[in-house]
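I've put the structures underneath this note.
Here come two complexes built around subunit A, the first alongside subunit B, the second alongside subunit C.
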Partner chain A sequence: MSETRVHFYQVGSFAVGNRLLSADERTVQSDRRRTNSIDSGHRACQGCGEALGARYALDAAMRATANQLVAVNATGCLEVFSTPFPETSWQIPWLHSLFGNAPAVATGVAAALRVKGRDQVRVVGQAGDGGTVDIGFGTLSGMFERNDDVLFICYDNEGYMNTGVQRSAATPPAARTATTDAVGPDPGNPFGQGKDLPRIAMAHGIPYVATATVADLHDLERKVERAMSLHGARYLHVFVPCPLGWGAASHETIHLARLAKETGIFPVYEAEYGEVTGVSSIRRPVPVTEYLRLQRRYAHLFGHPGRPDVIERLQAMADANIARLGLRGTEEDA
Partner chain B sequence: MDRPFAITLDVGTSRANHTGSWRVERPVYVDRLPPCNDACPAGENIQGWLYHAESGDYEAAWRRLVEENPLPAVMGRVCFHPCETACNRVQVDEAVGINAVERFLGDTALEKGWSLPGPGPDTGQRVLVVGAGPAGLSAAYHLRRLGHAVRLVDSSPRLGGMLRYGIPAYRLPRAVLDAEIARILALGVEVATSHPVQDIEAERVASGADAVFLAVGAQLGKRVHIPAGDSNKVVDAVSYLHQVADEDPPLLGRRVVVYGGGDTAMDAARTARRLGATDAVIVYRRNRDKMPAHPEEVEQALGEGVTVRWLSTIDRFEGGRLVLERMRLNPQGLPEPTGEYDELDADALVLALGQDTDLSLLEGARTVTVTDGVVEVGHQMMTTQAGIFAGGDVAPSDRTATVAVGHGKHAARGIDAYLRAEAPDAPERHALASFDRLNTWYYADAPRTRRPELELVRRQTNFEEVVRGLTEDNALFEARRCLSCGNCFECDNCFGVCPDNAVIKLGPGERYAFNYDFCKGCGICATECPCGAIEMVPERI
Partner chain C sequence: MLQQIEGSRAIAEAVARCRPEVVCAYPISPQTHIIEAIGVMVKEGALAPCEYINVESEFAAMSVSIGASAAGARAYTATASQGLLFMIEAVYNAAGLGLPIVMTLANRAIGAPINIWNDHSDAMAVRDAGWIQLFAETNQEAADLHIQAFRLAEELSVPVMVCMDGFILTHAVEGVDLLDQDVVDAFLPPYEPRQVLDPEDPVSIGAMVGPEAFEEVRYLAHLRQLDALDRIPVIAAEFAAVSGRASGGLVRPYRLEDADTAIIAMGSVLGTIKDAVDQRRDAGERVGVLGITSFRPFPLEAVRAALAGVERVIVVEKAFSLGMGGVLATDVAMALGTSSLHTVVAGLGGRPITLASLTDMLARARADELATLSFLDLDEGVIARERARMASTRRSGPFAENVLRDLGRPREDHP
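And then the complex of A and B:
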């Protein structure tokens, strides 16, 4: 009987908490004294993955920095639903300037703190996928290149949801958005376009790049903690389902994030200085249809006649991710 | 107020915005009936005691267990655990080894000398319990806890009924049985052994009892007519096992044939093997699929070298030789004779064809209705005669020890209600926690811990216990495999996954509450609850 077996407890490390674990082994989210960086009363839709992802990441960053944290926010859902004047949901120091300049503002905050000799105060920049991969991309790449001491977090819900579900460079192929209608021979977002920002970030050779989802809290918190233990430019890409924009039931948010990881559609991994250092293995492999079927943005792929050819291409993309990063893993990893 | 240029309002918190008004469905915490509890004939709160065992608080677990069943060390050995058949974990990997953990708790209690909860305040009323098998013992325990005086009588010289005289020692060591019985008697039970009851009414009057619980069991082995010469030895399995238990086993020779396909047939064949039979052959008229014996027992019997002649009936027994007729199953699954015959050498034939109950003691109680050889009872185990209750094998049931323990408990509660002239309280049953309500993603993969079995060779010649207990590590591991179906076990998932911070964590043992001012009703908590303890109900709009 090995030692680990005795420690096994029902939900292992998959659930948020565990009444039998010691306090330091539990997640930040299981703690009644967590910061709740983004407070109740915010106006995110029911089941918002971004609101959840932001609280997960920022609460973990608050613990990692002993509450010495400033957050800089780009324009987007997260900013709009949290701060309708004069109300705010933020319970941490928080700044908003423009859609495209959040990485530059974060750089400035970090520089100002350094000048004032307050190096212990750390800076997080955050944006949706639009603010990261499209509009804020230039300033973000600059921030990476200068290796400014900022953790930049992208909450990726794969489109411009706040303005009415338009396509972004993070929208996946075949997905229907307001600007990529499900009509014609190639319905939805075209194949072969868009940006894989975690890989672009890795190409900058910065100290730390990681992806995560709201479905694996332990993994997400560990990555935030790792990021905050390093200095220089760091990038965290968090997958956050959007019930409204994806046409999914609000209660499926975490389930969808889990399926994105388990299908291989969204690979979860981390990298340091441009090299992959760890991957989250797939625990219960499922075909991409399990994930696609729950979302109306892919409804045109199903039914009769449907588009089995398109589904096959999406499956091939997922399989390529699995092969590239070795996501199948071994039994022990599962 | 001094405000910056162009600012007209002070900063306020978003808590002013009660997003709960968006809600069309509200989450509510529920407790559902776990399938193990639902299936337990003794009505144990299995999920409840496993919860304590998971944290290593074995005493609390045991105390929860004996709320319903005073014989955990016995039941942890002899119960056929319908709970494990019902267990939702079957659909994940394997059922939780509930029975093994129960035995571990029972053994730990005996080792540590934990005593049962004391008797209730004296009610001044007196109950006669006839028969000290599992039903009678269970009833005596629950009646004492309810404050009634109990007189327990049994026709045999020692208590335990079929637990002692029907179940071989290799399945239930007598020291365990004695210890658990002694613990019940310590609650203050008046006992009379070797006290057969001829007339139940007369006995009730003589003992000054206000109510009677009849639990004499089914002690008579059924016989069939098999033409047999005088020199051929034919015994019935119940008497055989009884004599073995009395340490006065009959000499059956080296080739023993057992006729029948139930657990008693297995017990008789395995016992014969231990007493020196080189060939222990079971003759059964149908095939293995149709065999009523529990698969575990069949498996163990075969493992010990017992052989089975399937699809055979015994035609006659003459000159040390049995004549068997081969059968075949018709499309309805019933055996039909084929007219083909086989022969089998045998020194003795043991009949294990079922048992009847001896109800001659009811002749003085004419209003008790007996149908098909068993006593009719209502749901509180009362017979058609007020004040006389019945349970165990004398009442219609599956005739297992666990059913008997359950009958004893129900009868005790029925008797209590009867004596108080109150309607028995029947707590509402929760809806079943079915597998489809679980979110099994969250449960770690963990195969079941098996109880080690004695090496085959050793167990063939002695009555040492065959199945050994779990170690503490194993028991803890096994308990932690419980999915806690339908009952919150405080995993913090709802508290963590709410995008609106609308779940309030109340602290250890206190579970959680919803803050409906801010809950938008997205339902993530209900979907991500591992054990299905949150239900979404429509708001009235």
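And then the complex of A and C:
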């Protein structure tokens, strides 16, 4: 990943030291001209990964487009906490239509802008994982297949958090949700094939697909900028921990996102036209237990006797990601 | 120019003359010939600038139309039957957001059992969605209604559905006079949106509206339907002036003058009904017809006036409500009315229905002060202020958000 030539990490935290970077390499958020696309005063929970991800992604998209941006939002946490009566947190033109149609609505906005000769105005669609991998999947796939000029961002917190933490197709195996409770012989969400949307997006052969987490916000910004430098359908899948839904401490959001990447549970990579072009290597390999233990949704896997067999299967999933994408990398990558 | 032409082709030509900017296409019989014909025109470049988008479902067709309209483009799509039901969530949404999309509904039955032929079950299924629904009697009227529909939709910022009988009209070849482009251009000005997604003037469209304002927002949408009752005859008259034809309007009476018996119907069956009436008239019977062109908004007063003096009303309708009976007949019954029946709309969007409000409602009823239709605990002030905003400026913005902002703003009259 040639774009991230410079790495400065504070001991033990991996946080990017902005002050040590040259001005043009600093994060958008360090710039006083940042647009605050989603402004303060919204009603997200403390430690909300989605609010953080949306703020960084949209401000980066605004910078990349010289503030010529329209956002289309699916129903969900992001929509609800940002537009309570009687305020709106959106400082950009913003449209919410329905839960399952944000990709199609974004297509319509992009088509209208083209007809109106306003090609410089770009369109971002955004949804949570439910609005992306479940109810919005049909319209998303249609948008990909037509290669419409839309960047679609999924903020994946692995469940229907707005409605009270129910299972989505993005909920990982064994995780407890309100509809996959930690009871019975196989507590939590059953193991299945899952729905790996970044790979499904890649299978559409679209210009750009990337994953990112809120643990590496500079990487997220860079991927948004890369996406906005391209035209056609682009997809960004951002891993955003949900303290409420996962039963995690609010201050652990960044830590959990980092552990998801470092364990291999959530592989961070990018792809163009269906081919992987770069991966974020694991810097400090850790077993999945380090990630799982911090979340009450996995509490039934621990204790006595616990479910070492289930943990083993989760570790195998992470190991498969690591092997498939070569996430262990080499010393030079780190 | 008068041409011998298939109904669907006539609609495509009429829509083309309205200069649509985004057209969504998803195939379902019997509307396919319309979108196929428009597709050819767009691909040839005849409609430039126009984007033609082959979507993956009717749900997407309406959703793309929503996005396009909110971004300031004139949007059109067509559907029928199951397709309308598949897009129904977006159908309601387009109306709720106040986006002036025009859609052709090639009326077709709804399954199960699956059936591709004509009735009006599909249109009836969305009668409460907030769309204006106009029914065409002939292919000529269907073509003319589309041109009027764009004008009406954009004036009021309300979506319009032009209903035409599937196969009976869509696939019938008959003479249709299509207006010249310059005539349509003079009749239909370019789309000037009330609300638009624009980085130079960012607005939020589609915010959540709670019990504090939901009833007022819905009432404002109802008022725009009532506005349509005023505008539909005006637009039809203006259209008649440029075309020389009587197309559209609210209702169409036929030989009703001294009738003791009236048949009410919508759509193409009116032709057959008129033939039947003519025969009975020849036999000396005093029968007449009332065609309903505007089903939503429903022209209660026009229907009442047209039926004055009629002793017997027969509603012939191509749909019914299972477990109840007629749908159109129920509306006609409301038009004929009884002075002792009142509707009080209450509790919309979680608005509490309080004992005090109900007590007041009863007091007004006993004092004969309760209107036929009223809305409980409606905030008239916020309604009046938003109506004034809409009257004073074309780019008045999203009305739901305007109401929220209005209610959230400290004012002198607020204690």
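Convention: the second predicted complex is superposed on the first by the 315 of 334 C-alpha atoms of A that agree within 3 Å, B and C clash if a C-alpha of one lies under 4 Å from a C-alpha of the other, contacts with A are read in each partner's own complex, and residues count from 1 in each chain.
Methods note: a contact is a pair of C-beta atoms (placed from the backbone, for glycine too) under 8 Å apart; a residue touches a chain by one contact, two chains touch by 3 or more.
Treat the numbers as computed from the prediction; the structure is a model and nothing was measured.
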item: Partner chain(s) touched by A:Gly117 [first = subunit B, second = subunit C, both, neither]; value: second
item: Which of subunit B and subunit C A:Thr88 touches, first, second, both or neither; value: both
item: Which superposed partner A:Gly41 touches (first subunit B, second subunit C, both, neither); value: first
item: Partner chain(s) touched by A:Gln29 [first = subunit B, second = subunit C, both, neither]; value: first
item: Touching partner for A:Asn147 - first (subunit B), second (subunit C), both, neither; value: neither
item: Which superposed partner A:Leu52 touches (first subunit B, second subunit C, both, neither); value: first
item: First (subunit B), second (subunit C), both or neither touched by A:Thr253; value: first
item: Which of subunit B and subunit C A:Gly138 touches, first, second, both or neither; value: second
item: Those residues of subunit A which subunit B touches in one complex and subunit C touches in the other; value: 85-88
item: Touching residues on subunit B, where the partner in the complex is subunit A; value: 9-19, 22, 54-55, 441-446, 471, 473-474, 476-477, 480-484, 489-493, 495-502, 505, 507-508, 515, 517-518, 520-524, 526-528, 530, 536
item: List of subunit C residues in touch with subunit A within their complex; value: 21-22, 24, 49-51, 53-57, 59-60, 63-73, 75, 89-90, 93, 97, 197-199, 201-210, 212-213, 401, 404-405, 407-409
item: Partner subunit C, residues of subunit A touching it in the complex; value: 67-70, 72-73, 79-80, 83-88, 90-98, 100-101, 104-117, 121, 138-139, 141-142, 145-146
item: Complex contacts: residues of subunit A adjacent to subunit B; value: 1, 5-6, 8-20, 26-27, 29-30, 32, 36, 39-44, 46-49, 51-52, 55, 82, 85-89, 217, 243, 249-255, 258, 284, 334
